[in-house]
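Common to both upcoming complexes is subunit A, partnered first by subunit B, then by subunit C.
Let's look at the complex of A and B:
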């Protein structure tokens, strides 16, 4: 059961919702892309539906709304530590189905693997998720084969037309906030609203089923990895990559005062495994590529019961060396069949 | 309010034991459950955090043996007795003493690899009757690199100790050669009742395991401990992952049967 309402009404509604919510959504930054005259779509706080990029897949995922690229864990003055305060508002995060599936993977690492993460949890508890559908498949995604093309665990589904907006709001809390903001159940047209979803992608990926410790020696890693320049972009765009490194900084005016931060880390970049005294593991890019791919399609599943990769295809779109993760995985699967 | 595991607590440096110019043991104030082989994240704000194994456990202290090799540890050496270090932990599984009781126990350690196993050596040295037999082979690069010299004097009274250095100046009285040199002659009575704990740099562990297996020791009787980069100690930062295993949560101590399949 859902509602159909004029886009103008919906916009006013979301505007008012900002009293209680910070709204994060993909936004088009024209001319801000890596190369000249290219755009980038990434997450930011928005204040109206007009600012949201509904159609195209974002280049960066929603994950930065829940854990920032660099996040202050505490401020320190000698032996005293102070934890930064957190927003009082709730979070409303717009995302597509692949990313909503990625959320489950982030939860697995940050809430289930060892003790719960304080900083992730305090934002996660405040977060509501708004599903946007994909009118048509993106170029490099392969969600259909991964089973991540559909989601029904959204708090709100929203489809935005030129003049009309359709919503379905299974979350009672959000529905009541929407009503408070002016959603008039009597005034809007009640109708059946169900999310559309992509059933076929341009890219098809089959996961290999027979990966094992022996797969570590596969020559495919070298074939693909020899082209890798270790820039780490695939990790930063991935909605399921969660690694970080600690970083302490101090203020120029007083060295005894500063903060400890965690910053996103990449398993493809030098330094990821460095230990004191000069030791390190996986020096070859091909070993690092193997480490990443095996994590996405093999060892995460061994630990948590489902693959880590959600098939969003962002890593293939961003790679400056045109290394195709999708092709690599398919080739691994073909070898299975032999 | 849920617990914030990232916030370290100040712990006073009770005593400093200087082993070499670059390796000191810091006896830190700590009360709580700790096992040998577990580790703490030790930090100095503005320089960072480093994972350090527990090298000794007292009633209200823990020993952290720190080698001055990195940004954080260099700075730790500047903070001496009476001062505080910030610590959090303990993390990791640690060694379970019960696995070694009533066995012929052989502990082989390379360099600072002795720190994580020192708690076990201490235990069986002070309770020699609880193991069928206890032997320690400890290898260091040179006589100047020998750690825990005072402890060795104590251990030598109670258990079999082979203290060897890779190379030594002419006239050195002690034993020389790699730890692997001493494995063929170890007095193993019953391989099925012998347990080996092997901790040290990756190459040392690899060749030591090979030698030990030549003695007919079954895989499940060998225990190892891995050293990896760990930023959080909480299974989040990802740096220590090997296959589906997080060294900080599931390790760092592994039975070799499981540990041998972990590839970086």
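Let's look at the complex of A and C:
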């Protein structure tokens, strides 16, 4: 059951909702792409529906709404530490089905993999998720085969037309906040609202079933690794990559005061496997690539029972060296038959 | 009866008088070197009908149709008309070909239509200046290049325009991967360093090439909204004193550059040696004679530079002197 309401009404609603919510959504940043006169779509706080990029997949995933690129864990003075305060507001995060499935992976790593992560949890508990559908498949995604093309665990589903907005709000808490913001259930047209979803992609990926430690010797790693420049873009755009590194910053004017941050890390970038004493485990790009791919479709699944990769296809779209993770995985799968 | 040809008029009409008596060449200039492919077919048609079937790709992004008979110039001008129109070239009289050849074709590297390094649309800017300064008999050379790699070799021109971008840095998106630092050191001027896990840009050293931006994997480095240019002046080749153009403005804007070029035409009209061979004198030699201070006064007349634009107080050129 859902509602159909004029877009203007919906705009006002979301504007009022900002009293209690910080709204994160994909936004087009004109001119901020890698190259001159190109754009990038990434997440940011928005203040109206007009700012949201509903149609195209964002270049960077929703994860930065819950897991900032840089996050100060605590400030330190000589004998004391202070944890930065967290927003008082709730979070409303607009995302597509692939990313909502990625949320499950983030939760697995940060909440179900040993002790809960304090910083992730305090934001996660405040977060509500708004599903946006894909009118048609993106170029590189392969969600249908991964089973991530549909989601029903959204708090709100919202479809935005030029004049009309359709919503379905299974979350009672969010519904009551929407009502408080002015959603007039009696005044709006009640209608059945169900999310559309993509049933077929341009890209099809078959996961290999026979990966093992012996897969380490596959010549594919070297073939692809020799092309990789180790920039880490595939990790930074990935909605399921959760690695971070620690940085202790001592303020320039007073070395006794500073902060500890966690910062996104990439298993493809130099330094990721460096350890005290000067050791470094995976020095070759081919080893790093193998580690990443095996983690996405093998190691994670062994621990949690489902693949880590959600098939959003962002890594394939962003790679400056045109390395196709999808094609690499398919080639691994082809070897199953041998 | 011998051929009776006004060679001065023919040259101004963009025909070359070749070393073979009675034979010339038709010169077609392509502003910014950017053209619709259908023009190639038109060039071919002229070359096969009136020329010897050979076309030379000129050093200034044009075509030179070889082996035409000088008495066919009028007929060739008719066939040039659709090309001139497709290239949107200012023309006082339709069907009469090019009306002047003093100011040379404005050249441009491929720019940001295609090239990942380019910081602006070189052909669009070239065409803007083209509309402002053509047709013109004065000897000016203007060239555009997308980034400080200067593939367009603009420092060999009277006006060289080099694309720049002012890197904007968001430390909140920076993951300290140092792709920018390595990129700047390896490909550019080594203007970046990391301190406290964040990037510091040496603003004096930075040439605005944009390598840090293309290398950044997280969009911590992005381009300035404003497009910036380095304007180099009075580079030249030639018999007397070939030299590279020197910086005049750094972090300049498009409008200022257009105004400065137009102002320079006024300056040349005022100071050109009336007895110069062919009625033409290179701007650079005029400035050498009049002095840079006087030129600068004319060039900057009515120009409102951006606050961030750096202006060289004085410009000194070097180069090779064969004339001393």
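Basically, the second predicted complex is superposed on the first by the 338 of 338 C-alpha atoms of A that agree within 3 Å, B and C clash if a C-alpha of one lies under 4 Å from a C-alpha of the other, contacts with A are read in each partner's own complex, and residues count from 1 in each chain.
We take it that a contact is a pair of C-beta atoms (placed from the backbone, for glycine too) under 8 Å apart; a residue touches a chain by one contact, two chains touch by 3 or more.
Predicted, not measured: the structure shown is a model, and the values here were computed from it.
Per the definitions stated earlier, placing subunit B and subunit C onto a shared subunit A by superposition produces no clash, and the two fit side by side.
By the touch criterion defined above, A:231 reaches subunit C but does not reach subunit B.
By the touch criterion defined above, A:252 lies against subunit C but remains apart from subunit B after alignment on the C-alpha atoms of chain A.
Between the C-alpha centres of subunit B and subunit C, as viewed from that of subunit A after superposition on chain A, lies an angle of 110 degrees, to the nearest 10. By the touch criterion defined above, A:137 reaches neither subunit B nor subunit C. In the superposition on chain A, contact is made by A:79 with subunit B only, not with subunit C.
Touch criterion not met for A:58: it reaches neither subunit B nor subunit C.
In the superposition on chain A, A:269 makes contact with subunit C only, not with subunit B. The wider contact with subunit A, measured as residues touched, comes from B rather than the other of subunit B and subunit C. By the document's definition of touching, neither partner reaches A:286: not subunit B, not subunit C. When the two complexes are laid on top of each other via chain A, the two nearest Cα atoms from subunit B and subunit C are 9 angstrom apart. Touched by subunit B in one complex and by subunit C in the other are residues 245, 247, 249-250, 265 of subunit A.
Subunit C contributes residues 112, 116, 118-121, 146, 163, 165, 171-177, 179, 195-197, 210, 213-220, 222-223, 225 to its touches with subunit A in the complex.
Residues 73-74, 76, 78-79, 81, 83, 109-110, 113-119, 121-122, 213, 216, 242-250, 255-256, 258, 260, 262, 265, 267, 272-279, 281-282, 287, 291, 294-295, 299-300, 302-303 of subunit A are the ones that touch subunit B when the two sit in their complex.
Listed in rising order, the residues of subunit B touching subunit A in the complex are 2-8, 10, 43, 45-50, 67, 69-70, 72-73, 84, 86, 201-202, 227-229, 231-232, 234-239, 241, 243-244, 246, 248-249, 261, 263-264. Taken in their complex, subunit A has these residues touching subunit C: 29, 31-32, 34-37, 40, 42, 60, 68-70, 231-233, 236, 245, 247, 249-250, 252, 261, 263-266, 269-270.
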